[in-house]
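Heads up, the thing below is written out as structure tokens.
Per-chain residue numbering starts at 1, and chain names A, B, C, D, E and F are given in the order in which the chains are listed.
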Amino acid sequence: MPECTTTDVIEESTAEGKVRMIYDDIKQTLGIDFIPNMYKAMALNPDYLELTWKRVQAIMSKEGKLDKNTKDIIALTVSIMSGCNYCIDIYNGAVSHNGLDEEAITEIYAIIDIYSGLNRFNIARQTKKDEKPWFGCGS
Amino acid sequence: MPECTTTDVIEESTAEGKVRMIYDDIKQTLGIDFIPNMYKAMALNPDYLELTWKRVQAIMSKEGKLDKNTKDIIALTVSIMSGCNYCIDIYNGAVSHNGLDEEAITEIYAIIDIYSGLNRFNIARQTKKDEKPWFGCGS
Amino acid sequence: MPECTTTDVIEESTAEGKVRMIYDDIKQTLGIDFIPNMYKAMALNPDYLELTWKRVQAIMSKEGKLDKNTKDIIALTVSIMSGCNYCIDIYNGAVSHNGLDEEAITEIYAIIDIYSGLNRFNIARQTKKDEKPWFGCGS
Amino acid sequence: MPECTTTDVIEESTAEGKVRMIYDDIKQTLGIDFIPNMYKAMALNPDYLELTWKRVQAIMSKEGKLDKNTKDIIALTVSIMSGCNYCIDIYNGAVSHNGLDEEAITEIYAIIDIYSGLNRFNIARQTKKDEKPWFGCGS
Amino acid sequence: MPECTTTDVIEESTAEGKVRMIYDDIKQTLGIDFIPNMYKAMALNPDYLELTWKRVQAIMSKEGKLDKNTKDIIALTVSIMSGCNYCIDIYNGAVSHNGLDEEAITEIYAIIDIYSGLNRFNIARQTKKDEKPWFGCGS
Amino acid sequence: MPECTTTDVIEESTAEGKVRMIYDDIKQTLGIDFIPNMYKAMALNPDYLELTWKRVQAIMSKEGKLDKNTKDIIALTVSIMSGCNYCIDIYNGAVSHNGLDEEAITEIYAIIDIYSGLNRFNIARQTKKDEKPWFGCGS
């Protein structure tokens, strides 16, 4: 019988080369003094870590069309729809850090509740596209 | 063998009583001259239509903590995560009507792509909560 | 750096006005002497709580076309498909309270297993609608 | 470059041996004079077809704890949650054939809408189990 | 008020008849000296247990077109997409037992991350089928 | 009322700079003479296109632990679980191009069917981790 693998992580103390450089960049960019567990797991494949981190940076940190808080709200919404508790915790922290209070966060949850329900009704009914757009433009 | 039912809708021309009143409110509130297919289907159960519409109004139209465009972006994100084409079309129209151009909408899609992927990685790894929060607060 | 928000709940002891009235209605309607955690969280947005509770009542408690146990079975099935443990616990309790024994509940799970699998096969195959209906009516 | 495969189906006219026997059983059991597209696709792996069909029969057709219409309602609910249009059509036809009219079917959709929404709220909040059960029993 | 049911399992020590025979087959086939919790729960409906186990055997254990490790990788991928921790643990164990090391398992996760993201982008965009196939055959 | 945006794509004939270079790389790497619709849509955000394409290349095209066909099978499985028809078509084409015939592809579908079902059963039951591993290693 073969030996069995414990899927592990790359700790900061043993990180070398490309992984060490990315770890330093993560800490500096996020302004934290530790490496999140997610990235320590991803580091088992350094190319995957590098290109994922670069892509996150390019979309989330660079000046774009949407402001930082709107981006974090989208990330929170996606995390809730995927049912990922680790991710929900992080992006709840993020939008709170951005200044949203508990009423605003509850408003986000309420909107997700409403549209999760309505989406499912339209999937059930296989609702056909309306003949005219709702918003004065060809939606 | 029993007769079979075609699940149908309540057309404007035959709407009466509570349904007619809600139809009028929908047209006035949304500023359109037709009833969306979704609400015409829902009208088969007038209480369901009434309380759903009231709830949508209370969260989406009333002054709250989030601005209208942020709310529509959340609705669009939920619709994409649910895979509801009817809903995606409507909220693409909404955020476009709110002023987002194609670059901004592509940015929304890019964020959804990134976090759908990372969510799944963390579900795969069953990533444990980090010992310290990312954002200087107990996320 | 901004202060961070802990998303909180409205306890019974501090509930006032509209929230207190709904809390009383929840306890009376469900025949329990406490407020479920779900509603205590929702109370941070009193309009959301009120209209959600009214809608739940209108569909689940009012005389309709389906009996109470069938409604609870649908709620249980939806909760299992969404992967919401809190909700699964509640509706397992409900259908058990309605009189279903463990064999009947296992039968529900078996049906969900079968159709989750077959659904996925048909999504994989993108199966086309059959030329004739299965049940003697234009399904 | 290798030839490419078109994933195909086993038509009735070419079915032989085990597949032919199952096809005959499907038509007789369902009381139809054709083989649904789903089973014609599955027949490419005769063991898979046989054991799936047997399992469907054992749960859906045999006398159990739940009546036929309740079973079909569960199958419809699962199909809606999975977003499988082929399956939604079939089980809409089934519950209609069982005698549910359009109001009853809309009631099913309303319940699915409500709980899809509430499930998502509880996933967002990671709601903790209530200290006491809702239904007088340890749910 | 009715008594409430605790959904339970059939322990090995009380298994009889058909359930006992299947339990013995499970232990022998998997080469283990205990019955997994999943099958002990399923045994509350012996027909369901029997036909599920037969179907699993027919697809996973019999000589087919795909090798054992590829089959286990598919089962792991499905488990991650469904968000089932119990199942993820089992199939992580399986592919590790088959000889995949932590780098290979991370590669699986990376592929799931990438395609979960791209899938969502294409759902968002409702991307139309390309006019020509990518792989030199009519996909 | 604002003008409305039609979310568009960057055609090959108008691609410039970074987008043109990536388009050329896509065609050469995939061995095709057109740009898939997915990438033409992504090109509205050139950084997103570039880093997504690089990441896809790093995981799917570079020598790794898993062979090309296994990677494509994972991509197909993810696409089926996400319900993305565009993606299912592409990866059905890919595994067919790799040499899988219709029996082998049906075997993939059968495994997905089985585990989608069993996953849901374990989510329904909230099955606890077995005390001992199934495969002789601490899964």
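We adopt the following convention: a residue touches a chain if its C-beta (ideal position, glycine included) is under 8 Å from a C-beta of that chain, and two chains touch if they have at least 3 such contacts.
Predicted, not measured: the structure shown is a model, and the values here were computed from it.
Novice: Which chains lie in contact with each of chain B and chain E?
Specialist: A, C, D, F
Novice: Going only between touching chains, how few steps reach chain E from chain A?
Specialist: So the least number of steps between the two chains is 1.
Novice: Report back the single chain whose CA centre is most distant from the CA centre of chain B.
Specialist: E
Novice: Could you compare the number of C-beta pairs in contact for B-C with that for E-F and name the larger?
Specialist: Result: the pair with more contacts is E-F.
Novice: By CA centroid distance, what chain is farthest from chain D?
Specialist: Most distant chain from chain D: A.
Novice: How would you label the chain A and chain C contact, same or different, if same means the shared numbers make up over half of all numbers there?
Specialist: Counting which numbers both chains contribute, under half are shared, so the two copies meet through different residues.
Novice: Where the centres are mean C-alpha positions, what is the separation of chain B from chain F, in Å?
Specialist: Spacing between the chain centres: roughly 27 Å.
Novice: So what's the Cα centroid distance for chain A and chain D, whole Å?
Specialist: The computed centroid separation for chain A versus chain D comes out at 33 Å.
Novice: Using Cα averages as centroids, what's the distance between chain A and chain B in whole Å?
Specialist: Chain centroid spacing, chain A to chain B, equals 20 Å.
Novice: Multi-chain contacts in chain C: which residues touch at least two other chains?
Specialist: Where chain C meets two or more other chains at a single residue, that happens at 1, 4-7, 41-42, 45, 48, 52, 55, 59, 81-83, 92-93, 96-97, 100-101, 103, 107-108, 110, 112-114, 116-121, 123, 125, 135-139.
Novice: How would one label the connectivity among the chains shown: line, ring, star, complete, or other?
Specialist: Shape of the chain contacts: complete, all pairs touching.
Novice: Show which residues of chain D lie in contact with chain E when the two form their complex.
Specialist: Within the complex, chain D contacts chain E at residues 1, 3-6, 45, 47-48, 51-52, 54-55, 58-59, 62, 135-139.
Novice: Which stretch or stretches of chain E touch chain C in the complex?
Specialist: Against chain C, the touching part of chain E is residues 1-2, 4-8, 41-42, 44-45, 48, 52, 82-83.
Novice: Taking the touch rule as given, give the residues of chain B at its contact with chain E in the complex, in rising order.
Specialist: 80-81, 83, 85, 88, 108-110, 112-114, 116-121, 123-126
Novice: Which stretch or stretches of chain B touch chain A in the complex?
Specialist: Chain B reaches chain A through residues 7, 30-34, 36-38, 41-42, 52, 55-56, 59-60, 64-66, 70-71, 73-75, 77-79, 81-84, 86-87, 89-90, 92-94, 96-97, 100-101, 103-104, 107-108, 110-112, 114-123, 125, 127-139.
Novice: Given the complex with chain E, which residues does chain C contribute to the contact?
Specialist: 83, 92-93, 96-103, 105-107, 110, 113
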